[in-house]
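I am attaching a structure below and will ask some questions about it afterwards.
Each chain carries a letter (A, B, C and D) given by its place in the written order, and its residues are counted from 1.
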Amino acid sequence: MQNRALLQLFKNTRQQSEKICSPLQVEDYVIQPVEFVSPPKWHLGHTSWFFEEFILKQHKPNYKVYDKDFGFVFNSYYESVGEKVIRTHRGNLSRPTVEEVYNYRKYVTQEICAFLEQHVISEDLDSVFQIGIHHEKQHQELLLTDIKYILGNNPLLPAYDKDFIENNTENQSLQWLQVPEGLYKIGLPETSTDFAYDNEKAEHRVFLQDFFIANKLVTNQDYLDFINSGGYQNVLLWHAEAWDWLTAEKITAPAYWHLINDEWHQYTLAGLKPIDLQAPLTHISYYEAFAFAQWKNLRLPTEFEWEVAQHLFNWGHRWEWTESAYLPYPKYKKAEGALGEYNGKFMVNQKVLRGGSIATSKNHTRKTYRNFFHPYLRWQYTGLRLAK
Amino acid sequence: MQNRALLQLFKNTRQQSEKICSPLQVEDYVIQPVEFVSPPKWHLGHTSWFFEEFILKQHKPNYKVYDKDFGFVFNSYYESVGEKVIRTHRGNLSRPTVEEVYNYRKYVTQEICAFLEQHVISEDLDSVFQIGIHHEKQHQELLLTDIKYILGNNPLLPAYDKDFIENNTENQSLQWLQVPEGLYKIGLPETSTDFAYDNEKAEHRVFLQDFFIANKLVTNQDYLDFINSGGYQNVLLWHAEAWDWLTAEKITAPAYWHLINDEWHQYTLAGLKPIDLQAPLTHISYYEAFAFAQWKNLRLPTEFEWEVAQHLFNWGHRWEWTESAYLPYPKYKKAEGALGEYNGKFMVNQKVLRGGSIATSKNHTRKTYRNFFHPYLRWQYTGLRLAK
Amino acid sequence: MQNRALLQLFKNTRQQSEKICSPLQVEDYVIQPVEFVSPPKWHLGHTSWFFEEFILKQHKPNYKVYDKDFGFVFNSYYESVGEKVIRTHRGNLSRPTVEEVYNYRKYVTQEICAFLEQHVISEDLDSVFQIGIHHEKQHQELLLTDIKYILGNNPLLPAYDKDFIENNTENQSLQWLQVPEGLYKIGLPETSTDFAYDNEKAEHRVFLQDFFIANKLVTNQDYLDFINSGGYQNVLLWHAEAWDWLTAEKITAPAYWHLINDEWHQYTLAGLKPIDLQAPLTHISYYEAFAFAQWKNLRLPTEFEWEVAQHLFNWGHRWEWTESAYLPYPKYKKAEGALGEYNGKFMVNQKVLRGGSIATSKNHTRKTYRNFFHPYLRWQYTGLRLAK
Amino acid sequence: MQNRALLQLFKNTRQQSEKICSPLQVEDYVIQPVEFVSPPKWHLGHTSWFFEEFILKQHKPNYKVYDKDFGFVFNSYYESVGEKVIRTHRGNLSRPTVEEVYNYRKYVTQEICAFLEQHVISEDLDSVFQIGIHHEKQHQELLLTDIKYILGNNPLLPAYDKDFIENNTENQSLQWLQVPEGLYKIGLPETSTDFAYDNEKAEHRVFLQDFFIANKLVTNQDYLDFINSGGYQNVLLWHAEAWDWLTAEKITAPAYWHLINDEWHQYTLAGLKPIDLQAPLTHISYYEAFAFAQWKNLRLPTEFEWEVAQHLFNWGHRWEWTESAYLPYPKYKKAEGALGEYNGKFMVNQKVLRGGSIATSKNHTRKTYRNFFHPYLRWQYTGLRLAK
């Protein structure tokens, strides 16, 4: 990428993270109500640390580290790059303050801009830049979903932005799109010059039996029928570990659903609202997606089916759980060094989600993109599309 | 199957379970040192309950239940068949005594034999019999591995049977067997009349890239090299959750390995022995199998690669971890009713193992057989074969 | 004590432990359903180890240890005497078998008898003998209560001995016994030559205000009134940590009470019985004793009040919770060496119980005897007597 | 108390809480690094809620509650007054913001001031005021110690106030003060008109044997000798549960001690400092106090000995652990209604501390004052004085 284009992309990305945080109070930046949610100030610091650690420290001559303690505070899971604050302790840190984190951000942004203006960027370094930028875009989505968790689990249920729109109504009726059996190409073509993660490679062929896939996502109305028919009480619909999970956690509805005076409501980033029955269901675990499909005598698509069929339907409002486990593609090669910790080390006990969501940053997702989460997690904008 | 043949198979299977337990002391039948291990008397009772619940109670006229409380005590995970003692509490029950459990066994065995001598067995009922028999064969393997856990975690390290042979030395040198790319059939042909589980069906085609697979299992010597080279200390070889696991559990070697006066020993069912360096490695988790392969710059085969290549090598001494997650095959249909809880409900967060082990009962495994365990478990006779 | 008398006392004590176990099945000896309960075979081994460790090994010339591994298996909490199996793991050991434990017992008993017949016992050694014998008497009570826990938490609720009598009916009506204020002597007089524990010394003076103490224990009828009046639901009656406890453990009645068809039953060592309303209440925690007294606008006596008043009433059927914390008396001196670990190291966060119970061994308790348990424990034959 | 004096005392108390918080950053107000520490904004809100709940809502005509949700957020342990946020979740709440909490505070302060200016205060109401004021003074001490925990467990170790003085050097040499045996009065005289808690009453007589008590607190130098002599490694010095605690928590020094380049440092509210060897030891648990005394062949005083001897020495720099358990005095009566939850419900499994500390608010403590904490807690300014 040309320096000028890269500079613009970098600046826009940095600004977007800050824009997402603009409605927050200082206090909202600090807390960590549960292990898998990070404090917003941590996201802001961590994405800066990434550029400092992998670009400025290694490539900018005479670079002066902003504060040597910040590496410890803002490293996340890069085990091979020094010590780190463990994930469950991120919410214990009142310092550095939000203002100091913004100062750190500003410093790193300026240093990177100066660097980009003054240096020719090699292809290798360009690819680290791309990773840094897409890494920050990923954290932008986490910022939104973590903010939703922080505000949506506060008994006062404060809104983040009264104009935020989470739901788009799907007015079309259900249709089954047919795909014939055949040998299909999956993954990123080698000839592609766009940015993509290592986990999307290598392109390879997969044989698929013929299948049908739904033209639309499951709606809140569909799922309400499942709830009302006793879906959460019928053990035969659930995986064994799913049943243990819902029993222990007392799960009886999607996350953020509240039954108030016998009417279902949903906490959204715009505040508490009555359920929109035509909107696509969201904030369900893989376990719930699977049980719903069982109840319908249907199933989830595999990630391969999804990728092959995706041109036939609209997607991008919900991350769509697939039946596929997150595994390496044939000929998968993880990156060298610390950046190799990006994807490969999570390839066990996670499920692939495909598509993207209303929280996904612009130009971040694509048809070969493989998102992944543990099957019990629900705080992302997850949804499901049926197959048979 | 003809009644006569079925009767013989049934009797042999029942006797085999009792033969496995014959070296035990009464006390060994009772304890449960860890959640995933069950007391031997529970296995003996549970396999009997299975025949009582699914055959005698439902099909034998005027059948008199041996003891109505036993259903509660010996039900395992069949959530749809009444209440049950939860898995972690099985070791809290001193009653029924071992003698009473044997009486219960004898009663059920006799009732089934009488039933088989007097009734024509329909095809449907025959298939329940087959499940009952293969279910008991599965528990025979668990009996052996649970007994090994019980005795092998006792500080006195008592032997189970001084003549028991766990290890076969593989004298051949490593060779890479090549398999060309192509579309291969996987799973049990519909025309097969042999017993098989629902999870092996339906037969379907899978496209495989060309690959190489090792002609032999990884040996203790190979793994010792990994240990000595600091494999357990190199975070980059491990999955993120594997690293958490080995840190928390302080894992530094396979299960049952003991370093005594600087020499590695291995607890076997024949007692404590010096490590046999040429024997195939065993009692490792999937995490360890994966890390070892990473260290070699190689990988584990998928279950499809294994199945396609299995005629090229010897197998059956170790359950071989594969890279594949345990997922339903296309067109998978689970059985109706309680027996439907047999396989499908475990199809999340587990890894497939292929082959069989020295603890597997005769005629129980086959080339399409799919065993599965959580990736951290090591008390089975697990091993690994490399691919590239 | 004279050798002959000591020998007789020793033999009787050893026999009594075995007599307590005579109704057991082998399986009952092995299990540990909860941390604070030990397997009966462990009690039998541990009391033998005590004599081996503190007498035979140290005082008998050329004594041959029965099995060097048994010290590890049967040491309990004597941190200063080598390693030990941690308490929560005692139920994981199937070996040594019950028969081997009896052989070990027999060996130790014979060796001690031979020793007593051949050696003059110094005063110091006599006092170790006394501790060993009273230590075994303590374990006899634990044997009974642990057996009750093992059988009483088995879903089959087997009886231990159909003729065992737990309850004595108290027919007398409630009377308040008055004790005037004054300076009273508490603890064991220095002139006493009877065996007593270090925690009963030194005798000292305590000033007591005048008080009243009940002539009888609280009965099942009294406690049923408390239950029926909503005592378990009224937070103001409970200590803060007691409320957390009963909420977490879902406590709504004393241990071993079962509500069957709207009628309260009680598991006793003679099996399940309808509640005997006139019998003294038992199997309650200190928390419950305290809440009951609060509900009555009364209180528990202190251990000093109890000791001063004990000649005015009958006692010995239930261990009576007192309001007193278990603390050292003035001038308390703990024994030298490992035996010093007997009492003093438990003097924090425990409550004193006075009296004795139907499970207490003959000649084991006395008016100065101080029993102690954590306030939440209920598996002993605990009860309460009110004061004001 | 006269309205005018009460008003002044009330205002001063309110201002003092805010003054304590004045060096904080907004972020410091929000977090809860461990269950027993509360976020500073919670302390500010809770002490306001106390006045609103127990005075304004009940006694001020037409009082308008500031925000009905705040009762839920800022109630602490008053189980009888509606629902509450559980203690472990206090740090999950970013809202209400710090500014909103200050607005709430201001509102309550003004309403109380208006109330005091307009109404005659009955004796009963005056006593509720006194409780409210002393309750806030207690929280002032907790504010300081919680702030110390929050900053002192941040890897950046920020100072709270560079001029804050925690340590006063005790230059006097150790002397043993003798107190003769006798009958002593303990607790608050009935004739006292000063504010005191219910737990200091009723005054009663206690007989004490003659004893010696140290004229000074144990110093850092004394304790360093204990550490260097292997005190933390000698099991015989410790209570059984203390040993479990220090093993599990890996305790090897008082809280806030850091060994940096072989030199002991101490985090103080003024930042990290080298240990002041002559200063009184602080931030130790009761367990450590006890083990230290054992090592010295001495003991801790009882709370009665302390109270009888306190006029012979200086006190007020450290809360002094005593050997006494926190128990009700004879004739103890807890207050009616919700205020009755103040003290009595904690009278189990806690130890009494006497004196006061450098963090204690002015005029808050006195010679009969009984502070209490669980024996493992160390974040208060605890210390110890020896007796024999």
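Following the convention adopted for this analysis, a residue touches a chain if its C-beta (ideal position, glycine included) is under 8 Å from a C-beta of that chain, and two chains touch if they have at least 3 such contacts.
Note that the structure is a prediction, hence the values are computed from the model and not measured.
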{"item": "Touching subunit A and also subunit D, the following chains", "value": "none"}
{"item": "Chain located farthest away, centre of subunit B as origin (C-alpha)", "value": "D"}
{"item": "Distance between chain centroids, defined by C-alpha means - subunit C, subunit D (Å)", "value": "36"}
{"item": "Euclidean distance of C-alpha centroids - subunit B vs subunit D, Å", "value": "58"}
{"item": "Complex contact set, residues of subunit A against subunit D", "value": "25-31, 33, 69, 72-73, 85, 89, 91-98, 150-151, 153-156, 158"}
{"item": "Complex contacts: residues of subunit B adjacent to subunit A", "value": "77, 79-80, 183, 204-207, 209, 235-236, 238-243, 286-287, 290, 299, 323-325, 327-328, 330-331, 340-341, 345-349, 351, 375"}
